[in-house]
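Note that the chains are named A, B and C in the order they appear, and that numbering of residues resets to 1 at the start of each chain.
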Amino acid sequence: MAGDADSHAAGRAPGRAVSARATDDGEPLLSVSDLVVEIPTRHGTLRPVDRVSFTIRAGEILGVVGESGAGKSITGAAIIGLLDRPAHIAGGSVTLSGLRIDQLSERELRRVRGGRIGTVFQDPSTSLNPLKTIGDQLAETALAHLPITRHQARERALQSLVDVGIPAAAERLDAWPHQFSGGMRQRVVIALALIGEPELVIADEPTTALDVSVQAQVLTLLRRLCTERGVGVMLVTHDMGVIAETTDRVAVLYAGRVAEIGPTQRVLTDAAHPYTRGLMGSTPDTSPSRDIGDRLVQIPGAMPGLANIPTGCAFHPRCPSAMSICEQREPHTTELSDSAVRCWLHEDYP
Amino acid sequence: MRPSPDASDPSQPLVEVQGLTRRFDVSSAWLTRVVRREDKRILSAVDEVSFQVNRGETYALVGESGSGKSTIAKMVVGLLPPSAGSVLIDGTDPARARGAAMSALRRRIQMIFQDPYASLNPRWRVADIIGEPIRTFGLASGAEVVKRVDALLEQVGLSAGDAGKYPHEFSGGQRQRIGIARALASEPELIVCDEPTSALDVSVQAQVLNLMRDLQRDLGLTYLFITHDLSVVRYMADTIGVLYLGKLVESAPREALFTRPAHPYTRMLLEAAPRLDGFGRVHETDGGEVPDPISPPSGCHYHPRCGYRTDRCDRDYPPVRALAASRVACFEAERVIEDGRASVPTTTA
Amino acid sequence: MVAAVVFFGLVLAALFAPLIAPHTPFDPATLNLMDGFTAPMDPALGSGSVYWMGTDDQGRDVFSTILYGLRLSLLIGLAAVLFAAVLGVTLGLIAGYAGGWVDALIMRIADIQLTFPSILVALLIFGVARGLTPPELRDQMAVWVLILSIGLSEWVQFARTVRSSALVESKKDYVQAARLIGRRPIAILFRHLLPNVLGPVLVIGTIYLALAIITEATLSFLGVGAPPTSPSLGTLISIGQDYLFSGEWWILLFPSLTLLALALSVNLLGDWLRDVLNPKLR
């Protein structure tokens, strides 16, 4: 098998035990319920996130997929309270292990960030402070969120580098961010996200800026570390291939709403929502099961801008299965056996 | 337009690239170097690359960062002069062409760019953007230009009424269509496409790729398609060249490349690409990254990451040779082909 | 807004000076020496006419001289700024697009010039130009020499600003597309790049207009600018200075107030323009 550094770390024990996190009784780790984000502008109020609901269990990876403008990044930002003013949460709730976090003060939020929710963003060069060694950054984060001594923090920093597969970790501990390659930096960012022993990690396009060979490594690492430690992951991306290979469940966003949510394999192979089916058909793929000659499915038009969201179902102007009711009323969310879909095709309407 | 003296021979390839090389001097400023006693640093972005593109086909150049693919694209269209080697477009060397011959050559080659927000002049109307090549090459004037612009807009799926608008009034996908219309305006034979859909959403990408395929079929275009995305390559290309750190490591027809790759790097790329049916897939990662292009590894540049490497590989650079349907630069290519797609042997880091 | 009104009022006054001015102060034939040193609104000793702002030592109506002086000040100021803008924008475009040694050369010249205060530069160029012109033409050429010297002292900021925009725009793909079809560099500079770098130029222009006016006034005040035979506001102030303490305060006060109003209104107009055109504040 691959003899890479990742497998050396496989036998290590994870951090805090999962059971300490109040998720034993089957309660989801993160529960987002009818979340609404609004941005007041001169031309009216925009709603980049419009009643979005989903849950994440401990150790589960939920993919949030959508094209640009769908609201997936804003959803992540709202959860950790990093919305740029004047955007604000205008409705719904965000609950982490039973505690509501959408209405916390900035000070309380600071303790949540890093300690209970870790983040991995797209650009590693802006996530790491170029003026501090990575050992210092890791140790500081650990100290800020865990009741340990300086000496212990440094040891944990070293351990975290080993866990994410940085070779010669002891020497690299005092290196500067610019001395690492892109993929290595992103691994450090993952280490930084996990060192505070969070319950949840929000990863927003963590591999989009990386070469494909590194992407596979980083995603494998993220998946392994999180499932091992029982950390829930919200993986935001536009790449369906990444969703297919990395996530357990997936939420498909369109124009700020959840079009469909369910187990990844089921949603991707047998989508309930026409948009999901369109996305799958229009994604080119290298798998041998796809015939080379097949023409890519084309969804006409483009995602509407926030100021021009159509009435009724936001997708209806582009939908091959649109019916007259789709233009008039917004579909409710229909719960299927293990998933949910917002589409009139699946709703029993009077 | 008068036919060029060495008239087009349809059996000859449209583009012939031979030993193409491009070096960049990335040293610090002279005084800094003297003070710090540094050596000059030369980056070989492209190193002795040779390939051919036949008429009417799509040749894809695939590579990750540091592969040199964009630099090659710029040299093929003449935006950048090569440090060594040559590019022949239908037998003519653009570096040597002058005057009317140069203009005639320019007309036959066009380019589509990656960034839909930087490839159109924000202060120009669409009609002027698309009309510029038509006027510059003297293909029409006055009202005739307007007619042609409208026809081109329709051809790429926009409408004639869009001609009076400015680029910022369009979405990313629509801007790419405008860029395609501009490229078509001079009635070219060859279009070099530099990552034309990398900045677009998946559903928009599908529209643009389908459009490009249709145009190729209707107009007999030849594409040189630059990208990092293997799945797009699979959909668009007839022949594929794989680049690593400025060198062409493998070149093969599509079928052969995807089912019987001959170079370890190609195999690694195929293995690493995420697949839509790859649920729960475990990647056999090779534990490495593209090294710094300024000081590449000795011998075969890929050898530090390669599971097939032998002693020879860090001493000598493997020559390009024909093997099955591919042209490949690897001493161990036979073993690679034999192993098929089962697993990618890797090296311990 | 007040600034705009004031400024445009002054501009109009200057434009229509020949029509508005109640007298022709520079035609010696119409002057009545006995009218000299008349206070504002007093009947004159010589002709008995009432001068709104009094007269100076030679019986010239101060109000009229201000109108003509304003005209000259504005003319020189505007022309100098226009010259500086054309020169600076062109050099900035060339530097930004060409890069390499051309860019380095232009920018080093700019840097060297910037180490000197612009008034000194203007003085230097003025002195050199003056020295080169034959004495009998000096007064006539004064205006042109002023425009040249002030303009040459101000091109640098235009060039720098335009250069940094040009540097960024030159790397964009639409410029590559134009090069690809073989457009000549001149066409690329002026048809493609220019519209995209002009943004800040208007704001810089208004700021430098104020500076140009002040520079011209300073030069004239020092006696090396507009001559007394066709004085600008600065010259008038210089003349008036002699009479401040002998009681004829109006010869100094009114030109000074006018210059103040002009410079202030231009400055405020520039500020307002900058705020209005700043996309981030919209």
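Quick note on the criterion: a residue touches a chain if its C-beta (ideal position, glycine included) is under 8 Å from a C-beta of that chain, and two chains touch if they have at least 3 such contacts.
The structure presented is a predicted model; accordingly, all values stated were derived computationally and were not measured.
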Remotest chain, subunit A as reference, centres from CA atoms: C
Two chains joined by the most C-beta pairs in contact, as defined above: A-B
Separation of mean Cα positions, subunit C and subunit B [Å, integer]: 54
Averaged-CA centre spacing for the pair subunit B and subunit A, given as whole angstrom: 32
Chain centre separation in whole Å, for subunit C relative to subunit A (CA means): 60
Subunit C residues within the subunit B interface of the complex: 172-174, 176-183, 192, 195-196
Of subunit B, residues touching subunit A in the complex: 64-65, 171, 173-174, 201-207, 209-210, 213, 228-232, 234-235, 254-255, 258-259, 268-290, 346-349
Touching residues on subunit A, where the partner in the complex is subunit B: 1-6, 67-68, 165, 167, 181-184, 211-217, 219-220, 238-242, 244-245, 264-265, 268-269, 278-290, 292, 295-300, 302-303
Subunit C partner contacts - residues on subunit B that touch it in the complex: 77-79, 102-103, 106-107, 109-111, 113-115, 118-124, 129, 132-133, 136-137, 182, 186
